[in-house]
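Note that chain A is present in both complexes that follow, paired respectively with chain B and with chain C.
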Partner chain A sequence: MSFTDWITDARNVVFLVIALVMVGAAVVVVATRNVVHAALTLVVALAGSAALFVMLGAEFVAWTVVLVYIGAVVVLFLFGIMITRAPIGRDSVRLDHVRRWPAALIAASVFGVMAWSTTAAFGGEEISDGVLKAENIGDLLFSRYVIPFEAVSFVLLAALVGGIVLARKDPDR
Partner chain B sequence: MIVNQFLVLGALLFSIGVYGVLVRRNAVLVLLSIELMLAAVNINLVAFGAFVDDAAAAGQVFALFVITVAAAEVGIGLAIVVLIFRNRSSANVDELDLMKW
Partner chain C sequence: MTGFVERVFDNVWLAALVKVVAVFALLLVVVILLVWIERKLVADMQNRLGPMRAGPFGVLQTLADGLKLLLKESVIPRKAELGVYMAAPIMALIPAFLIFLVIPIGEPVTVGGTTITLQGMDLNVGVLYLLAMSSLAVYAIVFAGWASGSKYPLLGGVRATAQMISYEAAMGLALVPVVLFASHRLGGEVPLIGTMSLSQIVELQQGAFRGFVPGWFVFWLAPSFIIFMIAAVAEANRAPFDLVEAETELVGGFHTEYSGFRFALFFLAEYLNMFNLSAIAVTLFFGGWLGPTWPEVLPGWISALLPIVWFLAKTFVLLFVFIWLRATLPRLRYDQLMNLGWKRLIPASLAWLVLFTVVTAWRAWGAPWSS
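Now for the complex of A and B:
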């Protein structure tokens, strides 16, 4: 499939716009010198991934991303930034390591290997556009996937207890 | 829509996250980059789920599990970062060299 064929599909234009916004936001997340801006642009990147999930017919996953990631995780990050008093704005403390080029080289080679191998494996195969409703995914979660679901909820409980135990002040000291 | 466009976007976001993990010094920003990588993995899972289109919807269900584990990881990770900050009044990962040989 040539690029002109690909771009004439309206969904691919939407995809391209979302992808560009996501990549730009991701670059800001890893490159900005303002910690709060990094956490807030992560919202843009995650909202882009939610939009892609809607395009792929995964509506429940999309709303879970909005609720859990944008609603809870980013707020948790903002609290973490607040508590650790990370330098906000152009502070004298460097946020990045001095040597960036080895990291950029590694990241570029990771991208090269993964993009090359997926292109070699899945060239131009089309995605079927079925929509899975929240109702169906609820049925699946509580029938076929009930054991992994319970295991994951146990992980959440353990993380909750662990977070409280780690973060509270020791009463003896 | 072809499946490879989502996979290449996922690879790009993942490698941006790898760059962030390697280059950031502040522990909270390292966790932010890890979230970016997990989001890229979720895109891959859901894209493969739509590509295979099985009745069990394994791609979407496991994307949900990844989201849950990511939330747990952020909770624990930030608790550890806050604890380290309280003890050493610094959240920079390259100053935590107690276990360096």
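Now for the complex of A and C:
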């Protein structure tokens, strides 16, 4: 399929716009000098991924992304930024790292592996019936994927206990 | 006329446009009324008159105030972070308008051959959408506080994040029994049939039990409703949970540095959120638009309009509760707020969820040792 064929489909145009906005926002997240701007553009990138799920018809996953990532995770990032230092204008601390080039290389290779494995696994074949409804997702989570699901919840429990241990006051002192 | 309406609503895009404009207009009118009602009620409770001059009983006072704010000079602090500062009031309005789109405000109306649902869109994950959208409201407050470049707004923003994150958890947990109960009603003993669609949840509350008591979910899920209402007051940043804009401590909280029309937008968003939360409570617990319409006694167009009247009447009863709380209760201290959220509401909603699930499963499938 040539690019002109591809671009005449309205869905592909929407996809292209969302994907470009997401990539742009993701670059700003790591490139900006202001940590609050980084959080704001991270919201844009995550909203883009929710929009892609809506395009696939997976509304449940899309709104879960909005609820969990945009509504809770990034808000907690912001909370952390606000109670430690809330830079206005240019940040006094440089948001940079000496190993930025190895990090970029790893990011690029992760992208390469993911893109290659996805295209190699599905090729051009159309997936007719996705896991769209909340019903299907619940069904799969508690039958085929029950062991990974339980493992993830165990890891989360461990993280929760760890958080409480770190945060509580030592009773001896 | 009928043909024209039919043609408009047959076209998906035109129908969506008409509905969005209608929702926008409805929300603006409701807010204008709500601000006036609040001022009148609080004045009554404090033995004052409240607004009296603009229009009959001062009903046009909100319009006059809005016009005044529109024409006022907008002062922008020199240290403000301009882009985010300008965007924050708009960020406050967007989720407030979006939430209302999924709430059914009336019975589906049939004009000619087309059925018009009185709902912006009927998502099959409606309840999740409500939670997702209400979790976005905090951004406007945080960014307004941060971008003002001044200390009191920043403190207001920090308080807002902690408060809204805490009470969102309680609110989400309080709504799980609603989804469970709706699915139980819908599927009966068949597992794996459930619903999170708001129009379906309203329809499941039809009918009556013991002769005259309507089948609203609140009679089964009263603890959920109470937890939801407390969390809703905190989410809307209303007294007694208005620490975000506590004027005795923080000047004006997150909107201290906003003036003129940008301040009006924050004000509008606060009242929209209050109305939205009441409308959500009515939809989930008080049967939404359900109510007697007497189609055989009244002319057709009146009984077609009555569901909307019922919906608005129920919503305004809950809004009265919001205003009543504001006029009655003193503001909580910050540590009391956090204690109530994390040590009372969240454990209470978890305990209620477990209790409700066990009892429902027991009634549907019998005791665990019986089979």
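Simple rule for what comes next: the second predicted complex is superposed on the first by the 123 of 173 C-alpha atoms of A that agree within 3 Å, B and C clash if a C-alpha of one lies under 4 Å from a C-alpha of the other, contacts with A are read in each partner's own complex, and residues count from 1 in each chain.
Operating definition for what follows: contacts are C-beta pairs under 8 Å (C-beta built on N, C-alpha and C of every residue); 3 or more make two chains touch, one makes a residue touch a chain.
Note that the structure is predicted; figures quoted are calculated from it, not measured.
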Which of chain B and chain C A:43 touches, first, second, both or neither: second
Touching partner for A:60 - first (chain B), second (chain C), both, neither: both
Touched partner set for A:72, first chain B, second chain C, both or neither: both
Which of chain B and chain C A:11 touches, first, second, both or neither: first
Partner, of chain C and chain B, that touches more residues belonging to chain A: B
Which superposed partner A:83 touches (first chain B, second chain C, both, neither): both
Residues of chain A contacting chain B in one complex and chain C in the other: 60, 64, 72, 76, 79, 83, 86
Chain A to chain C touching residues, read off their complex: 36, 40, 43, 59-60, 63-64, 66-67, 70-72, 75-76, 78-79, 82-83, 86, 88-89, 133-135, 138-139
Complex contact set, residues of chain B against chain A: 1-9, 11-20, 22-29, 31-33, 35-36, 39, 42-43, 46-47, 49-51, 53, 56-57, 59-61, 63-65, 67-76, 78-83, 85, 91-92, 94
Residues of chain C touching chain A in the complex: 79, 81, 84, 123-125, 128-129, 131-133, 135-136, 138-139, 142-143, 145-147, 149, 154, 157-158, 161-162, 164-165, 168, 172, 192-194, 196
Residue numbers on chain A that touch chain B, as the complex places them: 1, 6, 9, 11-12, 15, 19, 22-23, 26-27, 29-30, 35, 38-39, 42, 45-46, 49, 52-53, 55-58, 60-61, 64-65, 68-69, 72-73, 76-77, 79-81, 83-86, 93-97, 100, 102-104, 106-108, 110-111, 114-115, 118-119, 122-130, 132, 136-137, 140-141, 144-145, 148, 152-153, 155-156, 158-160, 162-163, 166-167
